[in-house]
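Look for subunit A in each of the two complexes below; its partner is subunit B in the first and subunit C in the second.
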Partner chain A sequence: MKILIVDDFSTMRRIIKNLLRDLGFTNTDEADDGNTALPMLKSGKYDFLVTDWNMPGMSGFDLLKAVRADENLKTLPVLMVTAEAKRDQIVAAAQAGVNGYVVKPFTAAVLKEKIEKIFERIQ
Partner chain B sequence: MAFDADDEILQDFLVEAGEILEKLSEQLVDLEQHPDDSNLLNAIFRGFHTVKGGAGFLQLDALVNCCHSAENVFDILRNHKRAVDSELMDVVLEALDHVNAMFEQVRNREELTPAPDELIAALDALALPQVTGEVVSTERADVPAAPESDQDGGDITDEEFEQLLDALHGDAPVSGAADSSAPDQPAGSSGSGDEITDDEFEALLDELHGKGKFAAKAAAADDTQAASGAASPAVGNDGELITDDEFEKLLDELHGKGGSPTTGGPAEKTSQPKAEPAKVLPEQVPETKPAAPAPAGKAAPPRDSAPVAETTVRVDTKRLDDIMNMVGELVLVRNRLQRLGSDSEDEHMHKAVSSLDVVTTDLQAAVMQTRMQPIKKVFGRFPRVVRDLARGMKKEVNLVMIGEETDLDKNLVEALSDPLVHLVRNSVDHGIETPDVREKAGKPRQGTVTLSAEQEGDHILLSIDDDGAGMDPEVLRRKAVEKGIYDQDAADRLTDTECFNLIFAAGFSTKEQISDVSGRGVGMDVVKTKINQLNGQLSIVSALGKGSRIIIKVPLTLAIMPTLMIKLGDQSFALPLVNVVEIFHLNLTRTNVVDGRECVVVRDKVFPLFHIKRWLVKGSTGVTGPESGHVVIVAMGTNKVGFVVDQLVGQEEVVIKPLGRGLQGTPGMAGATITGDGRIALIIDVPSLLQHYS
Partner chain C sequence: MSDEKKIHRDLEPEVTEKLRHQSAELAQCVESGDYAGAMNLINQLSEVRDQSLYREVGRLTRSLHEAIRNFQIDPRSQEQKEVLSLMTDASDRLAYVVQMTGQAANRTMDLVEESMPIANILREDAASLREEWQRLGRREMQPAEFRELYGRVDAFFLSVTKDADTIYNSFSEILLAQDFQDLTGQVIQRVTALVKEVEEQMLSLVVMASHVDQLTGTVHQIDNEEVSAEQGVGPQMKAEEREDVVSGQNDVDDLLSSLGF
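Right, the complex of A and B next:
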């Protein structure tokens, strides 16, 4: 499974990448905000998107909306990484078509569960 | 939240978050000037947020806590629920100081000292909107130790859920009013009303799929389940909260619908009007594309130019130092070859040597470029320094910075930092007058300190200007006599410039009353010593009542230095070219003796003359020199003296190698180098040479 990790903070990308690697997902790419991520998604045949919410340039939320608006990407599963489980944020994200969210900091086990849940739902 | 913070990630975090913190300090001071700049507010919010996020994974709870509180303040600010004022800035800046201190502790692998509770409480108080009547998003002054622990597994109430449903149907906005209706929550997390639980989220997704009632039922069931197991607040446990039975139903429902959340009606509805960002994309694609395949893990993207910077690689400075060192060796070999080549008749040899020369010069320049950093790195500290000082002394000071983009060697940037801070403090403390005094003198109440940097040839010129009181040469003269540095006679003969330079003399302070900022008279001579160590020069211009200007001239790099090669006996020495003013031939019998010192008159100016051979070459102390010799006039600041040397070899770029441990600290020697003919030459440190021998 090819996964794109989007976060403006490279340390965070690395952390997520390492966690995913621990779960056996080794085919990962990184992008530092929505503006970089979107062209990659469009050309890259990704199976899964993990994106931070709060980023300069294009935020995770805007990226999500852009992904859902794209004919080829609209079924791409999206996991949103947030700092707080703020209700209004999550509700908005769900309405915009997010598949799951995970609150920082999280462990590999939590991430695994979130991913599994998303795929159970999709299948 | 067990996470094995492996060392590499920690190092990454330190570097990257360090950059963010540095930027934060600038941005915060900026904010005071532009309190309504929402981009700035957002950037600061994001800065704290990002540091907090990283720190969370690294289990730096104290850091998380402080950042979190600060972040909340800026969340309120950026939503315009509170306005920026100086008291708020004081608290926020103090918070940043604590964050920086903790950061330093992380760097040193020390235990973190959490920010004082009062500070956190003050931040939390500021994180409340000024306008009352609205529910605060988060407030957790009472749980400082575990800021992330308030996502309770099962605290959703029926009322909340109803609201959620309402919200989904778009009937009513989500409000946090539910807070009050959840009195049975575990310890002190009053913010739960705004936080969503996993169960709620699941229900929400169901809802969005158009399942309506089922979701409500499922969530209601969750609720009872969760209530029974409410003791565990961990986010990860919620999976068990849905029973198998419910889950089966859920899956059935989903398969029946045959779709992922993306095909849900409401989702599409909301995504359409908001598709605007996508339209902007085509023009952004070309510029971001090349960056895309770059291995991003090592990249150090400055936040604002992120897509472009993805092509960069982070390199340990140690490695750069090594490369620089090797290039230095290469320069030496080139010098050597050049010397050998010039003796040879072979044309091919000449060609090869000259192309080696070109390549080495380019390589040297390129490597130097990699070590360059904008002076902004140092300048960035000043807004904060000036702000704090001005506030402390009730002065009004405007700091203007020019040429922040000027690049100079990394080591220099670091080395200049302290002297510059001292000089700027001095300008604010001694230079700028209080607003009332300024007004009486017919000046604007607000003083201006201008900090500028520019490159001039192979030098960097830094200047610190103030439009303050300026210096009075008479006062300085009097002071010099009082302190016993000069007698009255000598003091009277000092030129104004020499008087100004007195402030760099050890133990010289004109301030009657010592402030805690400057005025102890230790700083300025340290500044001077430091600048001299960097092969730099300091000069002062001042006009009484108009202000002062201190100019620092430092070489672009510390590693390679243009020198004048001289010979004393058959030993080579290198004089830094910065110090060399002129060279001439002199009949040594025609010198004058003034005050018991040998002097030489050049164009009506008198320079003391020193036979440095007597100092530096063994066995030549008592020997009378030849009748004529070469004289090199060297300058340190405003002082100029003549050195008598045996032979002038020529100009050579040398790579400075430190002296061996046994020789380190030898007075008058800055280091050693290998000359073009393969011999070792000592590099003379003019100021310390004179200090020690004359």
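Right, the complex of A and C next:
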């Protein structure tokens, strides 16, 4: 299981990386925005994408849309972990095909629950 | 009508006096056919109109300058003094806050990442020793095995003492890593005060400008453009009081399940 973590703040990437390691996912890579993440996703054979929304360059929402529009990536499970809390945004993310939405600040238990739910649905 | 009264009340008395005086003169000039004199008076009138705006802008500039000059932080040590004296504007100060909080977060995570494996090893060692201990309790142990267990228990006690010290020291350093809040709190409070001051001055400028607009009859077309949330708008304040914002993960889950998720 190879996971890409996308967030513009290195501290948040580190927190997510640590939580994922506790859940048994040790194969993780990091990117600081959509522009860096997209080429990695296209060449890297990732099984799961965890992304923030608000980032300089390409936002997580645009990254989600780009992933869904790409023939090879469109089924990639995407979990959004973000401080964006407007109802409209959550609806928009759902319509764009997000698989899970975790609002910051979050707990380890919530992250675990959402990830497990996503994998349950895939299997 | 009430608007007009408001203008009279809010303009400075000398300005209204001047206006009244000159408009009477203007009427006289027009009546007597002195159009050159009338044009001259009209020019003077518009000068009067602008004067109070200029005065307000001047006052604003002075108080903004004052506010920026007063924007200082009391440094506690030579190191802080050097750092702070280099920062002359609010954005530099905020960048300093980002840097300080980032450092503290990373230092904390370094220490946590060092301590977690220690806790893991302690747990594993204790679990395996307990198994052996229970075998001893059930009298399933040979004397040689017991001697080995005795040695392991003794070593375990030693490592618990050492590891507890390491973890305790990490906790203590994590505690110290939170000292950024003192300095960043000071910086943010100063920046907030500056922003408030600028906002108040801006507001007086807007009020002044609206008086000029009323005098000149200028109407501005203001487009209230809704900012798109697609690029992200960051954390929302006072989420509990707002309908358009979720106030936690439970709200998100409810919203998503209402959409069939």
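Note that in this section the second predicted complex is superposed on the first by the 121 of 123 C-alpha atoms of A that agree within 3 Å, B and C clash if a C-alpha of one lies under 4 Å from a C-alpha of the other, contacts with A are read in each partner's own complex, and residues count from 1 in each chain.
Convention: a contact is a pair of C-beta atoms (placed from the backbone, for glycine too) under 8 Å apart; a residue touches a chain by one contact, two chains touch by 3 or more.
On a predicted model such as this, the values are computed, not experimentally measured, just so you know.
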Name the contact category of A:Val110: first (subunit B only), second (subunit C only), both, or neither.
both
For A:Ala66, decide between first (touching subunit B), second (touching subunit C), both and neither.
first
First (subunit B), second (subunit C), both or neither: which does A:Tyr101 touch?
both
Answer with first, second, both or neither: which of subunit B and subunit C does A:Lys74 touch in the superposed model?
first
For A:Lys2, is the partner it touches subunit B (first), subunit C (second), both, or none of the two (neither)?
neither
First (subunit B), second (subunit C), both or neither: which does A:Glu30 touch?
first
Pick one for A:Leu38: touches subunit B only (first), subunit C only (second), both, or neither.
first
With both complexes superposed on chain A, which partner does A:Ala85 reach: first (subunit B), second (subunit C), both or neither?
both
For subunit A, what residues appear in both contact lists, the one with subunit B and the one with subunit C?
10-11, 14-15, 18, 54-55, 62, 83-91, 94, 101-104, 106, 110
Please give the residue numbers of subunit B that touch subunit A in the complex, ascending.
1-3, 6, 8-9, 12-13, 16-17, 42-43, 46, 49-50, 52-54, 56-57, 59, 137-138, 148, 151, 164, 167-168, 174, 193-197, 200-201, 204-205, 208, 235-236, 239, 251, 254, 260-264, 266-268, 270-272, 274-275, 277-278, 281, 284-285, 288-289, 291-292, 296-301, 303-304, 306-307, 310
Any idea which subunit A residues touch subunit B in the complex?
8-15, 17-18, 29-36, 38-40, 52, 54-58, 62, 65-66, 68-70, 74-77, 83-91, 94-107, 109-110, 113, 117, 120-122
Give every residue of subunit A touching subunit C within the complex, in rising order.
10-11, 14-15, 18, 53-55, 59-62, 82-92, 94, 101-104, 106, 110
Residues on subunit C engaged by subunit A in the complex (per definition of touch)
102, 105-106, 109, 112-113, 229-236, 239, 244-249, 252, 255-256, 259, 261
